[in-house]
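Letters A, B and C mark the chains as written, and numbering starts fresh at 1 in each.
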Amino acid sequence: MTATRRNLEGNEACALGAIRAGCRFFAGYPITPSSEVAEVMARELPKVGGTFIQMEDEIASMGAVIGASMGGVKAMTATSGPGFSLKQENLGYACGSEIPCVVVNVMRGGPSTGMPTRPAQGDIMQTRWGTHGDHAIIVLAPASVSEAYSETIRAVELSETLRVPVVVLLDEVIGHLTETVDLAAVPEAPEVWRKFAQGPADAFEPYAVTEDLVPPMAYPGDGYRAHCTGLTHAPGGFPTQVPAVAAAAVQRTTDKLTLHRDRIESWRVQDVDDADLLICAIGISARAARQAVRDLRAEGVKVGLFRPVTLWPFPEDALRALVAKSGTQTVLVPEMNQGQLALEVERVLAGQARVQGLFKIDGQAITPDEIAEAAKEALA
Amino acid sequence: MKDTADKTAFDVNHWLRQDQMPHFLCPGCGHGIALRALVWALHDLGIDKDKLAVVSGIGCSGRLSAYIDANTFHTTHGRPLTYATGLKLARPDLHVVVISGDGDALAIGGNHLIHACRRNLDITCLMLNNEIYGMTGGQVSPTTSEGRYTSTTPAGNTEPNFDACALATAAGAGFVGREVTMQVLALRDLIRQAVAHQGFSFVEVLSDCTEIYGRKNDLGASPEMMLAKKSAMRPFAYRNTVDVPFRANHLKTGVIARNERPEYGAAYRAMTAALRDGGAE
Amino acid sequence: MADKPNATKNVLIVGVGGQGVIMVSKVLAQLCQADGHDVKQSEVHGMAKRGGGVFSHVRFGPKVWSPTIPEGEVDILVALEWAEGLRWIKHLKPDTGTFIADCQKIVPPFACRNRKRGAEPAYAPQTPEEIIDQVHAGYVMDATGMAANLGNAKASNTVLLGALSTVLEFPEDAWQDIIAGTVPPKSVEINARAFAEGRAWAQGGEKRIDVTASGLHKAHSEVHHPQVDTVVEITAEWCKGCDICVKMCPERCLRLNGQLKAELALPDLCTGCQLCSWLCPDMAIKVTNTPITEPAE
């Protein structure tokens, strides 16, 4: 095994990916099944001059991550469902104040304490709508350990370039899955950083409306002495309640993701061109679906798989185009909850195709056979 | 930290964002005096505004950061210490000052306060205690005196209040102090010592909410409230003594406690040096 | 001693509260009693607390009738504080009186009633040279400085006792014994040295001034505050009319105008103390004190 090929757990891959992308600060709090991310960070960050801290609670670790990022250091935290719920207020702050940061959320059963060691996919909607108010957020959903590594790198990069929090959404199975990962599969590239403020301090506006809708960020100590607030703010950074200014401020943070959609959206397809039935799934459910597609194809059943790697913003144009092209009448959505992804697929397709759910909430992963059976039923 | 600045040259306007003034505080709010004492202390320490980060929470106290011409962060309710912890660990070169309130630091953020005290990272936390949630309309806070009327204790407050300094001391803060706004020079000097302290420093400023708390409890106008608060403190000549020489209910002001435990950031960097240099797996 | 041997001897000890006036008079009274004199000691203290005037009359002789000394009948005036000494100097016998004083100045609060910068405190302006010319015999010494050099400035009263011992006919051992029996055990040693020091110093001559022994006791009046021009600027747009400056001003020279904005109503009373500026929650008051440059001498 060469140095670049390693046996890694999904959680460990997230940590190493983040460090590779330049993350130098991690604040966390123990929670199953994400604790390994913190453990690896505690060991690895000091080696590269970074800082790890275990905070007093989930809220504090999110605050510390945002604080570090405000200081101009790439920062990440990791958690699971209940902890993710606790982080929501500060996550909203990062959305509103446009502070780059990465949150790894390894989904477990819920609600409440649920089944901590059992997989689920119940945070699909929480990652998108968990915090109050309209806000932009990016959610990436890896389905393998390799992807946990590469998508965490991409999460850091998107977070930096777009000044937006990015959630890496794993499920317990991917988080605790060990696979061989070729670290060199992600090509060497210059480190990606946010735009830092340059030029005269007098003219600097921390939330200026730029062409790319992503304002440059002041590095404390560079002389810009900017103000940062969670209150709705004018381009100058100070609170405003002027209706037009306030609306424009919120609008820009969502518009910037729309503007950069092409860079954000990512998806994988399998056997979709002639599919009579399309399966749409993420994470471990998508891996089961991949096997189900293979098995069904072997039986001559024309099914395909659409797997959003970028869960939010949902790659809706891609899905619509795919459905239109293949003429698929049915989209099957297998997921480990009572139907969250299915809701989004229904919204996207808006009658273009029938959406059929395969929902499982027993703490067990969905099997290929279950998906294959559901697909056959749907086609029958 | 050397105390080298020209103390005669203090100009409060040098530290204020002129385009944000006048500030939004109510007439006679003690927070304004605390703001002056803070920037005065920073001036006396010769701190560079570019290297100063002020982190505040939510509430009347939270708004103060916006008026200081520095790197300022107005964060979420109760959490400024967590943001400051991340900021200071990521950027040890910055001077990090937290402005918090009694509700912010003791109620919603109480957990962060005790752990910040315990951790002993080099941050200064200024807790402006006006015994009330002013911004939200005058609800009872963890420091509201017993018997006081607030909008959520219409028959008077029956909860005992927190002694924030005792809490911070017990939790291990490196430096703990308390002062009233009336003694503005003493407050300035106390904050100066706190900021200069290598470790977590906690300063409780006994501030006055005239408009809400004062009115509701018939405490008079700002001057009366300030003088009353000053009278409730131990007399100035005895403020640094340990024993209580006068009335037992006199609150002690000045430096309440200090210890020289290792500063967390430096200790962390020293402890992890082996990992960094050896690269042990 | 020029007086008749059987005449009553009058010693007046003065100072301010806390200096040890009573201790000096007690030592003297006990010494006289031990030596077989009739002694009367009468003192005023108690109301003085720390810093107020204290005086004590000690009269001794074959038979003493009155407890207090009439004006102009004091043989020896011992002053533990400079201005207190001056206050009582007219009580000395004009031709034969001896004046023994510590040059230490303790400026009382009332001497600073005019709080304007540069204003002269109403403290006694007379110099030791002027005073010593007016008396038959005089000793102006830095007793506090001498005591401080020995290790405890509070022993200044014993230094003065040492000086006093040179003008009374009691043996040195008798003085030392009484002092040792009066002071707390832990300070016996320093008081013995203080007494010896004061005695040795006073034996240097009948009129002696030595105020240079220590620079410790700069009186407030000697700390030079330059006179200043005071400008009070009030930013009306920032003032919220909270009344703090108006109520807290020691001179009551501010007021709120019709628009409820603070204004300097009585500029002549303003001393430039800056309290209004420090306590203004709205940062609306700026007080600038510019020193008035004095012509070079």
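Keep in mind that, in the parts below, a contact is a pair of C-beta atoms (placed from the backbone, for glycine too) under 8 Å apart; a residue touches a chain by one contact, two chains touch by 3 or more.
None of these values were measured; they are calculated from a predicted model.
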**OP:** Determine, using the mean of C-alpha atoms as each chain's centre, which chain is farthest from chain B.
**Re:** C
Original post:
Given the contact rule stated at the top, which pair of chains has the most C-beta pairs in contact?
Top reply: A-B
**OP:** Indicate, using Cα centroids, the chain positioned nearest the centre of all protein chains shown.
**Re:** B
Original post:
How many angstrom between the C-alpha centroids of chain B and chain A?
Top reply: 38
Original post:
CA centre of chain B versus CA centre of chain C: separation in Å?
Top reply: 42
Subject >> Mean-CA-position distance for chain C and chain A (Å) >> reply: 79
Subject >> Sequence positions of chain B contacting 2 or more other chains >> reply: none
Original post:
Where does chain C touch two or more other chains at once, residue-wise?
Top reply: none
Original post:
chain B touches which residues of chain A in the complex?
Top reply: 24-25, 27, 43, 46-49, 51, 53, 55-57, 59-73, 75, 89-90, 93, 218, 220-231, 238-239
**OP:** Could you please specify the touching residues of chain C with respect to chain B in the complex?
**Re:** 237-238, 240-244, 246-248, 278-284, 286
Subject >> Touching residues (chain side chain B, partner chain C) in the complex >> reply: 12-13, 16, 21-23, 25-33, 35-36, 181-182, 184-185, 210, 221-224, 226
**OP:** Please name which positions on chain B make contact with chain A in the complex.
**Re:** 17, 20, 49-51, 53, 55, 65-66, 69-77, 79, 81-91, 93-94, 111-112, 115, 268, 272-273, 275-276, 279, 281
